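Residue numbering begins at 1 within each chain, and the chains themselves are lettered A, B, C, D, E, F, G, H, I and J in the order written.
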Amino acid sequence: MSRRDITDQIVQAKLRQGVSWADLAGLIGRPEVWTVAALLGEHPIVLDDAKKILRRLGLDEGEAYMLTNTPYRGSSQTSPPTDPTIYRFHEALLVYGPALKELIHEKFGDGIMSAINFSIDVDRKDDSAGDRVVVTMSGKFLAYEWNA
Amino acid sequence: MSRRDITDQIVQAKLRQGVSWADLAGLIGRPEVWTVAALLGEHPIVLDDAKKILRRLGLDEGEAYMLTNTPYRGSSQTSPPTDPTIYRFHEALLVYGPALKELIHEKFGDGIMSAINFSIDVDRKDDSAGDRVVVTMSGKFLAYEWNA
Amino acid sequence: MSRRDITDQIVQAKLRQGVSWADLAGLIGRPEVWTVAALLGEHPIVLDDAKKILRRLGLDEGEAYMLTNTPYRGSSQTSPPTDPTIYRFHEALLVYGPALKELIHEKFGDGIMSAINFSIDVDRKDDSAGDRVVVTMSGKFLAYEWNA
Amino acid sequence: MSRRDITDQIVQAKLRQGVSWADLAGLIGRPEVWTVAALLGEHPIVLDDAKKILRRLGLDEGEAYMLTNTPYRGSSQTSPPTDPTIYRFHEALLVYGPALKELIHEKFGDGIMSAINFSIDVDRKDDSAGDRVVVTMSGKFLAYEWNA
Amino acid sequence: MSRRDITDQIVQAKLRQGVSWADLAGLIGRPEVWTVAALLGEHPIVLDDAKKILRRLGLDEGEAYMLTNTPYRGSSQTSPPTDPTIYRFHEALLVYGPALKELIHEKFGDGIMSAINFSIDVDRKDDSAGDRVVVTMSGKFLAYEWNA
Amino acid sequence: MSRRDITDQIVQAKLRQGVSWADLAGLIGRPEVWTVAALLGEHPIVLDDAKKILRRLGLDEGEAYMLTNTPYRGSSQTSPPTDPTIYRFHEALLVYGPALKELIHEKFGDGIMSAINFSIDVDRKDDSAGDRVVVTMSGKFLAYEWNA
Amino acid sequence: MSRRDITDQIVQAKLRQGVSWADLAGLIGRPEVWTVAALLGEHPIVLDDAKKILRRLGLDEGEAYMLTNTPYRGSSQTSPPTDPTIYRFHEALLVYGPALKELIHEKFGDGIMSAINFSIDVDRKDDSAGDRVVVTMSGKFLAYEWNA
Amino acid sequence: MSRRDITDQIVQAKLRQGVSWADLAGLIGRPEVWTVAALLGEHPIVLDDAKKILRRLGLDEGEAYMLTNTPYRGSSQTSPPTDPTIYRFHEALLVYGPALKELIHEKFGDGIMSAINFSIDVDRKDDSAGDRVVVTMSGKFLAYEWNA
Amino acid sequence: MSRRDITDQIVQAKLRQGVSWADLAGLIGRPEVWTVAALLGEHPIVLDDAKKILRRLGLDEGEAYMLTNTPYRGSSQTSPPTDPTIYRFHEALLVYGPALKELIHEKFGDGIMSAINFSIDVDRKDDSAGDRVVVTMSGKFLAYEWNA
Amino acid sequence: MSRRDITDQIVQAKLRQGVSWADLAGLIGRPEVWTVAALLGEHPIVLDDAKKILRRLGLDEGEAYMLTNTPYRGSSQTSPPTDPTIYRFHEALLVYGPALKELIHEKFGDGIMSAINFSIDVDRKDDSAGDRVVVTMSGKFLAYEWNA
């Protein structure tokens, strides 16, 4: 069974069992976005956690070792994304990407925000004019450095 | 002169004059990311602000009216972006996009984060293990609603 | 069974049973375009309605929970569409898209027509010179607003 | 001077002169969407109307004959569109395109909505929950017929 | 069984049984190009004809209802086509497409040749310098008309 | 001046002078589609004919030698074409291309219709139900032959 | 079983049996490149030859009729090719394609080298500085001729 | 002046002066295909040869140094090529590419035909059934070898 | 079983058995990168080595002959790569590719680094500021030479 | 003058003046690959160095400030690259990319080689069997870490 097959089983079992992503993140004590990304096939999961998840979802624990492998990331989506919920992030990057680049250079110098030493959270913020989705990305600044 | 020509003039004059984006944002009292995006051709600018900017950069104020028009957005970049600083945001979306979708649905129900009723900030956070780039997006949640 | 598998089963059962889309929309009391889009995999369906549909088509009600999940939207088509009936809408957008943008800005200011707080209907209008397809889209205007 | 050059001149002169699209449509007594599309280079314009438009915008009437030619349509946009205002129509087609196809076939039989014998309007509808953009497309139904 | 599966079965059974396309067109009394296109999945076929075809090919008549559905057209090919026999038509369009457009406008005014009210035939013309493939397309002229 | 520059001059001069394509074809005694294709940059033109055309359009005859060169063909269009008049031919190929292939093989054996030893005409056929565009392609059949 | 399935069986059986392409070409008395291309799915094979091949490879002769059909050619590769051995031919075309065009026109006039009335061979030429791959293509020259 | 500008000047001067490619190759004593490719911008030319060419074409010898630089190769064409004369080589690669690969491996082992230690010629071969274009490629075989 | 199927089995068995790539390279006495590439389907493996690998992983040795075939290389990845670990090499090529070209020409003259007579290693270099990945490519220089 | 214009001037002046890249790197005391990449528009250059370079090449020092800006990287190439010298690196990535990923994970754990804290050198290694191009990349290993 490939990693993608296991991902499909996890998504279907989660629905069938009525388990939330928050439940699964709590079960292994990991952040929500990280956990969902990992279960959708974007991160390796340590063996004990993999077993806990599969057991909770009523799936075969014997496949847990497959979840410990570092996966090929980013392959589950078309580009640009067609799903409206995901597309809005793509659109924000189309409109604000160059501005982020300019300000990172102005505030830090030449370099990038790491997407590896990184975290990302999604929160609900109450607002009388309509609740807001707040997404926070935090990445270590990495300066362009020429080291051998 | 087209909008893109004016954008090029603004970027070159800013460099030549040694003006920062923060200066230009301060000059018109608008948020930094908004201001940079607008000056790179992604938002209309009210006439008085456009004139202030052009004057500060030593450019022809007579072209200010061109900056008041709502532009065609998002056309300045290739997709996927080749620039490493911008690419990292694209990569974060490849890896975490589906997880953001799942959690927005779990926390809010079916719908999206607006990229129109929206703001985005980039901040520098001191950290002894290396300073961090913190990008915060805030968008109004819009539920899928069928209204005529 | 994946969502796409269920969609395929629904389409084939509908044909085999000779049920119309209008029948299915009537069965759950929802608008026609919404219902067809949902059954083609573009919207979640509440559990009771999902069960009614599956029962009416002689399919396994046990899969109804799969239809309650918010799906990844828009992935069933190539772009540009090759089917002539769908292509004409794409062509209308190629020819009139920029004009719609200009007039939305002239009538409402800077912003967009929401495709989320939205409805779309297709009607038959009798006309002696040939009946007409009338498609009406109604989307809430969303002004560009910078809110945190 | 090519058609695209004249289009650019028209757009810039319109801004500089503070003329609205509605004014220009009124000047030649043609529908708004048609007029804007034509001036953006998507339709031929009869000579007298072309001269009226150029005169009103302070441009060289001697180029009016260029506007009478049937243009190569649809070439001014990337696909998919990056501009958010135009993209929402593309998104609506991604989500509802197959549903429109199914219902056109159910209501009319095998065939298409013409995009040639066609009109499209954009209106503002007041609504206490937020004004709405209403776009109405009307196209003659054309049945698949095998005629030599 | 999907429409594409049935198409595959038809193509293989036709080969195995040594039936010609002309035979199948004759069996249902329809034009050759129309019949082949329909059997390759591009047109719906009325139930009686579908049954005749399946019976003649030794296939399961119970699937005939699937052939009565209006299919999603045009999806069976890559673009541009790699097959040399099909590519030559694509090449003719690359070389002569703009000329056809210019002459349609000169002879008819602004508009198109319908591909819906349309027929296409392929004939063999004897020629001492080498027999010729003659393809004739006949489509109703549709003038651009703005009707609501 | 490049071939494309001369093409642009020809198209603009033709419009300005009110000359028809039929006039230009008559002037050099060549078929209409061939002449238009050649003047749009798809075929070489013999020197005397090139001079006649340029003279008739009031252009510089000294550039006639540029029209005698065999051009790089097919580069003036995007694929798929966005123009509706040209797109309909592309659509006909999407829907009927495989059927043409099957019937060419059935009537002639393995091989192609040449697009080089070839002609294409566009005619107006009167029809009380609406005049028709009739396009006839005639290409020599070329059998697959393995010759050294 | 589709043509592609049979191709896969042929390739695997050839490996398993340790048969060379030269053996298979010899078995049916056809040129090597032609034979390999045909067995990879690019040419029809006459029934007797198809049976000989399948028998030699220990495969089911009952499928031989499938090999007699004219296949859809050229669909087995991505473009540009990723395989280094095939890519070098693509690279030669990138570098020398326009030069071949210029010299064909200079030596023959306006026209093409046929890829239908055509042969291609690959030979090994001993050379003390390293043996050489020699590929020879021979195609009939086809002049652009306008015949109806 | 960029390399591409000089290429354009060479092509136009060659036409204006009525010089053949064979003349130019003879002038510098180099093979025809090599010379044409070099003059179209695909190879560097030694200074003396570059001067001879420019002088013969009546162009500015002062730009000869630009022709001595190793150029970025292969960038002058779209892929796949739209020009029919060039496309036939692309088509031959679509149909015979995998067969060439198989036979190179069978005759030489694992490796490639070099496109660097390489030559390519185009010749005219008289043939009573129609003269033939014969293209011969000769490339050194390079075995896959793992050397550090 | 296709080569890709065997690759999938190898990857899953390696994980299940807890065998490292270094173990497998040691088992057959070949370099690490070469071994991993070969087992992922990019190089042929001699029969004895193939058997050793399959035996070590508990797989069917009878399929070893499939691993001895020269595979179609490079087809397992999308381009550009979405996986961050692989993308960084693509990014390095975007930023430094032209510089490598310029310096190869300056140090060696016109030509290329062979990717066939080639080796590539990945090493871990300890560094107090963070260990480093060191990748060394060594390819024979091949001068552009015109040999027949 | 845009950054790309200055790059073009630098490349042409370098050729005209007969200056080597090594000279320019020596002039500013920076590594060769870094210097060439920077002068081709991929890195910012400090003002004094920019002035030295422009002076050495006889260009306008007044434009030096343009070279100090952090550029949009990676935009000068098509993907995949058509130039054979650059393509070989792309090919190496197609063949060995997944193997590099697997071994980085095996030697370091989950993470990437940085392309920012990075250096790349190209050297000439004498070898009696043909000199070799040796390219060494050194990038800091960055472990996937979830930090806020």
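The rule is simple: a contact is a pair of C-beta atoms (placed from the backbone, for glycine too) under 8 Å apart; a residue touches a chain by one contact, two chains touch by 3 or more.
Since this is a predicted model, take the numbers as computed values, not measurements.
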(request) Would you pick out the chains that touch subunit H and also touch subunit I? (result) G, J
(request) Tell me which chain's centre, taken as the mean of its C-alpha atoms, is farthest from subunit H. (result) C
(message) Half is the threshold here, strictly exceeded: which of B-J, A-C or F-G has more than half of its contact pairs identical to H-I by residue number?
(response) F-G
(request) Please compute the C-alpha centroid of subunit A, do the same for subunit H, then give the distance between them in whole Å. (result) 49
(request) Determine the centre-to-centre distance between subunit A and subunit F, using the mean Cα coordinates as centres, and give it in whole Å. (result) 53
(message) Rounded to a whole Å, what is the gap between the Cα centroids of subunit E and subunit F?
(response) 23
(request) Calculate how many whole Å lie between the centre of subunit E and the centre of subunit H, each centre taken as the average of the chain's C-alpha atoms. (result) 41
(request) Two or more other chains in contact with one residue: find those residues in subunit G. (result) 70, 72-74, 80, 82-85, 91, 94-95, 98, 101, 105, 111-112, 114-118, 129, 132, 136, 138, 140, 142, 147
(message) Taking the top-of-page definition of touch, could you list the pairs of chains it picks out?
(response) A-B, A-C, A-D, A-I, A-J, B-C, B-D, B-I, B-J, C-D, C-E, C-F, D-E, D-F, E-F, E-G, E-H, F-G, F-H, G-H, G-I, G-J, H-I, H-J, I-J
(request) Would you pull the subunit B residues touching subunit D in the complex into a rising list? (result) 1-2, 65-66, 68-69, 72-75, 115-116, 147
(message) Give the list of subunit B residues in touch with subunit I in this complex.
(response) 80, 82, 84, 87, 91, 94-95
(request) Could you pull out which subunit C residues touch subunit E in their complex? (result) 8, 12, 15-16, 78, 82-85, 129, 132
(request) Within their complex, state which residues of subunit D touch subunit C. (result) 20-22, 32-33, 36-37, 40, 42, 73-74, 76-77, 79-81, 83-86, 88-108, 111-115, 117-118, 120, 122, 124-125, 127, 129-142
(message) So in the complex, the part of subunit G that touches subunit F is made up of which residues?
(response) 31, 34, 43-44, 70, 72, 98, 101, 105, 110-112, 114, 116-119, 121, 136, 138, 140, 142-148
